[in-house]
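Pasting the structures here.
One chain, chain A, links the two complexes that follow: it is found with chain B in the first and with chain C in the second.
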Partner chain A sequence: MTDRIRINLKDIVNNEERLAPGHRLCGGCGEPTIMRMILHAIEGPVVISTATGCLEVSTTVYPTTAWQVPWIHSAFENSATTISGVEAAYKALKRSGKIPADKEIKFLAVGGDGASYDIGFQWISGALERGHKLVYVCLNNEAYMNTGIQRSGATPKGANTTTSPVGDVIPGKTQWRKPFTRIMAAHDIPYVAQAAPHNYRDLMTKVKKAFAADGPAVLNILAPCPRGWRTESDQTMVLTKLAADTCYWPLYEVDHGKTVVNYKPREKKPVADWLKVQGRFRHLFRPAYASILEEIQARIDQEWERLLKEEAAG
Partner chain B sequence: MVESKFLPLDGATAVSQAMRQINPDVVAAYPITPQTAVVQNFSQYVADGIVNTEFIPVESEHAAMSACVGSSAAGARVMTATAANGLALMWEMLYIAAGMRLPIVLTVVNRALSSPLNIHCDHSDAMGARDSGWIQIYAETGQEAYDNTLQAMRIAEHPDILTPVMSCQDGFITGHGVERVGILPDEVVKQFVGEYKPRYALLNTDEPVTFGAWDFTDYYFEHKRQQSEVINSALPIIEDVFSEYTKLSGRPQPVLDTWEMDDAEYCIVVLSSTGGTSRAVARGLRAQGVKVGIVKPRLYRPFPAKYIVEAIKGCKAVAVLDRAISFGAPAGQGPLFTDITAALYNEGITGLNIVDYIFGLGGRDILPDQITSVFTDLQQIANEGQRGAMVRYLGLRE
Partner chain C sequence: MKEYTAPRLDRPWSEVNPGGIVLDPGISVTYITGTWRTMRPVRDQAQCTQCLICWIMCPDAAIPIVDGKVDSFDYDHCKGCGICAEQCPVNIKKPHSVTGELGKVIQMVPESSEGGE
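Our next item is the complex of A and B:
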């Protein structure tokens, strides 16, 4: 994993698009941009399984499909397991000679944060433990957006969602988000990383590293949702850059147990900069909720310091 | 006909022998009593290199069927096994496997569903899945469980069927009961099941396909209609496979196993191992001159309605034995009774004296005396011309 990976824009623009235009995802949605980055970073044939969610319903409205690669959706919670079945079939059919010995196929499972942090958590954990050669990608827009913006285990503290609404006595989600990336890394698999699409070189490098890993790999990628975040559709890249600059969403990787922080903002911005541009956090700026803002800042600082210490520990 | 080699096997091991001979590409499974023997025997075949199968030791039954769906869509020949709560946990994926028309073969070693927790035999697990779009076959013996597993593979993968098959046998009673089981030679089985050639496969990356698309109000209905058409028109093809296997093994494989029904005045309709107990009792009554008969459907989905009606319509009184309750159905009747009475009505037969006996829930023994009492009841019903209670219980303390 020490070889330097080059991401060349000229190569990318000449690559064939494997997620065709014409799908029905919203303008400004982070998901199709990220998926195209992922597909451009994958060399050779790939089979994809996708959990139930926005990406799935918007790209495969029968009788059309936007996927130019073999693709399967079976249910909400099991995209990791479904692709583990495909990968096992690949091994078996290669062994029996039905697939040529020199034919290499890559296996990718995709799920939203609901599919990853919540309903599919066990399925992902099982697939990682079994050591299938697959990459699991969480397209993380921090709530159940496909069903209409309900809170998930990935929804940050304070966010206004339809099942953690801001009310007269409760100020949005009261719990902190689940440390999914850390839990994935705790499986001691070869490669786990967090990424965001504004830094496409970092994201695509991580995709290449994940597929080159000698076992399962997981990528947790922040994917803005203009509908759920209450943001303008032209702010997608600005938003994830702010998430990285405030250290709300550190870009880092755990490569064979070694933590590397891939981006350290020269000047760490206050987390309020990230919160104030999104309608889902608007209520936090009422004077009554000042303590929540302070608490969020303190927690972000603490997590960032912990991450730097983990990197220093090697 | 090919000579079988006879071995002392329990029903679960008989199934793992069939799986060994089929040598599927992928088996994804999770342990649960009383199915565990199936997958642990099979794991040993994998560990010993006797099969070429990729074994996926998943973390739940939902994951087992999820992995099976992935493998089957990938183009592999796929098998698994479960029971009771494991089947219940698979529920969502049963419908998905059937809707995607994936020819997976699932052995169910029938066991009672919780709660309360009980590990012993009844049919509440598979009966609950009877409308999930799977073909269902029920075995009376370990021998039938072996034979059915081989035939299930052929049926599932038939290009005009492409529908998953559930091959059921009674937990503990046949699953753990050792009997003399005839095993066909490996080469013969290999030829019989042939090679699976998928129509579409995810691993054919040169011709990418989309499995499991979002099907809106404009297409979903038509797709479900097609699925229904396939399972309901599968019977002649299933019969072809049964008769081919009959010739091969010398063991008759009827859709409906009938015993002394030509002139039967009183009959019992029952699935699985209780067919044997019922036949033993009926033999004794026949010797005493009572005209009794036994009907044991092997195939339950698609439901062989016409065969059953034809077999029982001339009887003076009929008892259906149900090893499951359809909760909330009229008088708490069982699913087999519901299907048979519906079939009778559809054939215009409304005057037949027919009653339902719920029995054997949670592994409660069914004894020969109880079967005898059913025949006594039937004679009484016929003599008095009064059906009496429609739903009754056998072996229940009240």
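Our next item is the complex of A and C:
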């Protein structure tokens, strides 16, 4: 365990902005705020590789770039692999003396939920198994938003997307989301955490812990998408707070195998509070879909209980 | 941040960097996303407590910092999403310096209206 980390905005407010304005991410998008929080939490030089997705296309519209750090993109599936190679090259250059032995550089791979849950899944697994010292961040907006809101492995049950459209046949997506954070934790890597941007202190503490870990680390961060979730652009932080308060998106970490739930709502809100504010779930409140609503609540309760049990088990 | 002029879009292929690499970090500032805005945030500087929540929550780094304090808005890049006004935790006691209304230190006004620094 690392020492207690304190996040004080006054300490970081004079830091250089490493993600410049002028990027084309939608107004109210959760991703740039999360990226800024991550970059403000990282001390010293960092190299970033991003997978194909909203963040990648919107920050690097040719011939401009919003990044003020070394940045690489190669394909949809392999941001973890690309940054693995960069980390290996850094180690080799250090060995041969071309990079001074005391120069510390950090390595960050970023992907959306499509790149993390589906397309780049096995590549992340490989990078974790090889034990590169890197941090993988999943900016989870729960569908393929960049290409126009197609369902992904992260899309929750009942969500209306263009490839799981609500109608007479199906009530939105029929499958449950993949437990990505748990699967990452099952790799027995030093640090895995789930975070959300409304709680910037928790998020930035987790970033610092991830980079201080003695091996690979993974962060899964909920990033609201006003277009895909059908919400107002100013509700971004309100939504992630609701996700944490309903236990739909628990804020927790698995530090060297030990599970800690970082936020336990004083009063656990019904999951309907989280669903009813989003257009993608509007249909679930028709009487015909009452059973699905109950099923979602039961599943959330079950997962929350399991998490609390895992924490108690230590 | 470095000062840039907008990159040329009519460069012949022979002048393009190999691999299409962009060598100017942060040159996206030359692209004005402020034109997207329909609602504009306005701040009552005198009643602001400098909690910096708006600064950390802004998706566009559009809240400039002067001597460690938030100072107005970067209206060239603010997209008007309203997250700052929604997240502003300070309920003001006197009417807002721009809107004249009670509420938060940061409030949203229609882009077509007067006001803002």
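Quick notes on this one:
Criterion: the second predicted complex is superposed on the first by the 313 of 314 C-alpha atoms of A that agree within 3 Å, B and C clash if a C-alpha of one lies under 4 Å from a C-alpha of the other, contacts with A are read in each partner's own complex, and residues count from 1 in each chain.
Criterion: a residue touches a chain if its C-beta (ideal position, glycine included) is under 8 Å from a C-beta of that chain, and two chains touch if they have at least 3 such contacts.
Just so it is clear, the structure is predicted and the values come from calculations on it, not from any experiment.
Looking at the shared chain after the overlay, A:Trp67 reaches both chain B and chain C. Of the two partner chains, chain C is the only one that A:Thr236 touches; chain B does not reach it.
By the touch criterion defined above, A:Ile105 lies against chain B but remains apart from chain C after alignment on the C-alpha atoms of chain A. With both structures placed on the common chain, the touch criterion links A:Glu17 to chain C but leaves chain B unconnected. By the touch criterion stated above, A:Tyr200 is placed in contact with chain C alone, chain B being left untouched. Of the two partner chains placed by superposition, A:Ser291 touches none, neither chain B nor chain C. By the touch criterion defined above, A:Tyr90 reaches chain B but does not reach chain C.
After overlaying the two complexes on the shared chain, residue contacts for A:Thr33 are found with chain C alone; chain B is out of touch.
Common to the chain B and chain C contact sets on chain A are residues 60-63, 65, 67-69. On chain A, the positions that touch chain B within their shared complex are 45-47, 49, 56-57, 60-63, 65, 67-75, 77-78, 81-86, 88-93, 95-96, 98-99, 105, 122-123, 125-126, 129-130.
In the complex of the two chains, the chain B residues touching chain A come out as 25-26, 28, 52-54, 56-60, 62-63, 66-76, 78, 92-93, 96, 100, 202-205, 208-216, 219.
By the touch criterion given at the top, residues 9-10, 13-14, 16-17, 19-33, 36-37, 40, 59-69, 197, 200, 226, 232-238 of chain A touch chain C in their complex. Only residues 1, 7-9, 11, 20, 22, 24-33, 36-37, 51-53, 55-62, 65, 68, 74, 76-77, 79-83, 85-87, 108 of chain C touch chain A when the two sit together in their complex.
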